[in-house]
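Next up: some structures, all given as structure tokens.
Each of the next two complexes has chain A plus one other chain: chain B in the first, chain C in the second.
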Partner chain A sequence: MAFLKSLDISASALTAQRMRMDIISQNIANATTTRTAGGEPYRRRIAVMSERPSAFETVFGKALGGGVKVSGIVEDASDFEYKYDPGHPDANEQGYVAMPNVDEVEEIIDMMSASRSFEANVTVLNATKGMAMKALEIGR
Partner chain B sequence: MQVNGIGGVASQAAVKGTEQSSGQSGFADILSEAIGSAKEAEKSAGEQNAALLTGEVDDLHTPLVEAQKAELILSLAVQVRNKVIEAYNDIMRMQV
Partner chain C sequence: MFGNVFNNVDVLHKGLDASWLKNNVIANNIANVDTPGFKASSVSFESSFKAALGRGFSAKKTRAKHIDFSGSDMRGVVTLDNGTAYRMDGNNVNIDAQNAELAKNTIYYNALVQQLSSEFRKLRTAINEGG
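Let's turn to the complex of A and B:
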């Protein structure tokens, strides 16, 4: 059922954006975590999106594509911020505490982007469904 | 035997009717194919719903999209059935 493939593509985008939202909420929740299991402060995580290939169906000689997927979750390699707090249990010899490299403002903006992207894909899904329902009205 | 001015499905059905001993097999093929795919889609949507209610599913939108697909396929099957029955009735109404 080829007309359902568009629904599959939109559904894959909804899954990917929801996963991105999970990562953003993890980042914001851990914005002040100075100690993780590895002993370091929390490192900001980023979702890497890639196009999901579709094995079948070529249009004009180019594969149509099967949607999007989160191909990996990588850690942001930027430096930690250092805050002066000698009384903190995680402070080093100079009295500085390494804080996570999470910028809450940037994360909130990413959250808005993920939310709008999710809504856009739901709109596409509804439009595709509307087209299919209209097609079924032919000759009624 | 030429069938003029009735319509695509009706003429195809009439040809199938003359080829086979009873005119029922052609309609049965089209109908069972549509109903088969509708059944598959309903089953998949039902499983997704059950997973959602027991809390096993990861995404909220997956059962909803599957239910939407099942609804579309069922509507298609209903329309196909309507057209096939209409064509059959047209043939049966013909004066011999």
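Let's turn to the complex of A and C:
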């Protein structure tokens, strides 16, 4: 429905930002996880955002954007940090433990970015809603 | 006779459509503020609106027998801002500018709605002989 498309676009962004927030929470929660199912320490995950193409609608031959989506969750391939802790059960022969490649500061910054983007999209959502409600007053 | 009565209404209708399209595009820009490589689009219709006002509105007709209606040549034009890169990731959405555009567009839309309402009010007054 063309009339509510702006709302769909903003809603898709809210979903995507929330997903991003979930991944950031997971990263921070696992900032000290040295064991995962794969055997190695936890690897930082990143949400990859991409534009969602509009399904059918075009405006004068040009496809109009249809919002945003999280197109994939990829693992950060950067190296683990090694911490000297010989008493740790996961320490290697030299006494070093591989720690996850999660940088808390980076995650907090990402978190703020996600929350601000979320707020921006809520603003758009409210503006769209206000316009639609105003249009209902035509002829009154 | 009624063709003339609804001239202004037709124009305002087109304006509302264009303004709604602009809202759509701004929503999409803001939704993609974190998408790497995304380029913002913009809608310009005020200029074509003005041009149409100057010309007087006429329908674009491909045959002589087509029924004339006003304001049909006015439309919003979506342009992609491909040239600039605002950030390292190639995304060029300026969130402040977009928010300002959004606020402007909302006010513009509301103004058009008010004008349209007053247009209908005038017609109603005329129909009721002012009573």
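Just so we're on the same page, the second predicted complex is superposed on the first by the 138 of 140 C-alpha atoms of A that agree within 3 Å, B and C clash if a C-alpha of one lies under 4 Å from a C-alpha of the other, contacts with A are read in each partner's own complex, and residues count from 1 in each chain.
The working rule: a residue touches a chain if its C-beta (ideal position, glycine included) is under 8 Å from a C-beta of that chain, and two chains touch if they have at least 3 such contacts.
What you are looking at is a predicted structure, and each value in this text was computed from that prediction instead of being measured.
Superposition model on chain A: chain B and chain C are shown accommodated side by side without a clash.
When the two structures are aligned on the shared chain, A:Ser50 is found in touch with chain C, with no touch to chain B.
In the superposed model, more residues of chain A are touched by C than by the other of chain B and chain C. Contacts of A:Ile23 after superposition: neither chain B nor chain C is touched. Once the two complexes are overlaid on the shared chain, A:Val97 sits clear of chain B and of chain C alike.
In the superposition on chain A, contact is made by A:Gly139 with both chain B and chain C.
Of the two partner chains placed around the shared chain by superposition, chain C is the only one that A:Thr123 touches, whereas chain B remains out of contact. Touch criterion met: A:Ser6 reaches chain C, while chain B stays clear of it. Centred on chain A, the angle reaching out to chain B and chain C in the chain A superposition, using CA centres, is 40 degrees in steps of 10.
Using the contact criterion defined above for the overlaid structures, shared-chain residue A:Met131 touches chain C, although it does not reach chain B.
When the two structures are aligned on their common chain, the gap between the nearest CA atoms of chain B and chain C comes to 6 Å. In the superposition on the C-alpha atoms of chain A, the part of chain A touched by chain B in one complex and by chain C in the other spans residues 10, 139-140. Listed in rising order, the residues of chain B touching chain A in the complex are 37, 58-62, 65, 68-69, 72-73, 75-76, 79, 83.
By the touch criterion stated above, chain A contacts chain C in their complex at residues 5-6, 9-10, 12-13, 16-17, 20, 49-51, 59-60, 62, 64-68, 113-114, 117, 120-121, 123-124, 127-128, 130-131, 134-135, 137-140. Note for the complex: chain C touches chain A at residues 16, 19-21, 23-36, 38, 41, 75-78, 95, 99, 102-103, 105-106, 109-110, 113, 116-117, 120. Across the interface of their complex, chain B is touched by residues 1, 3-4, 7-8, 10-11, 14-15, 18, 122, 125, 129, 132-133, 136, 139-140 of chain A.
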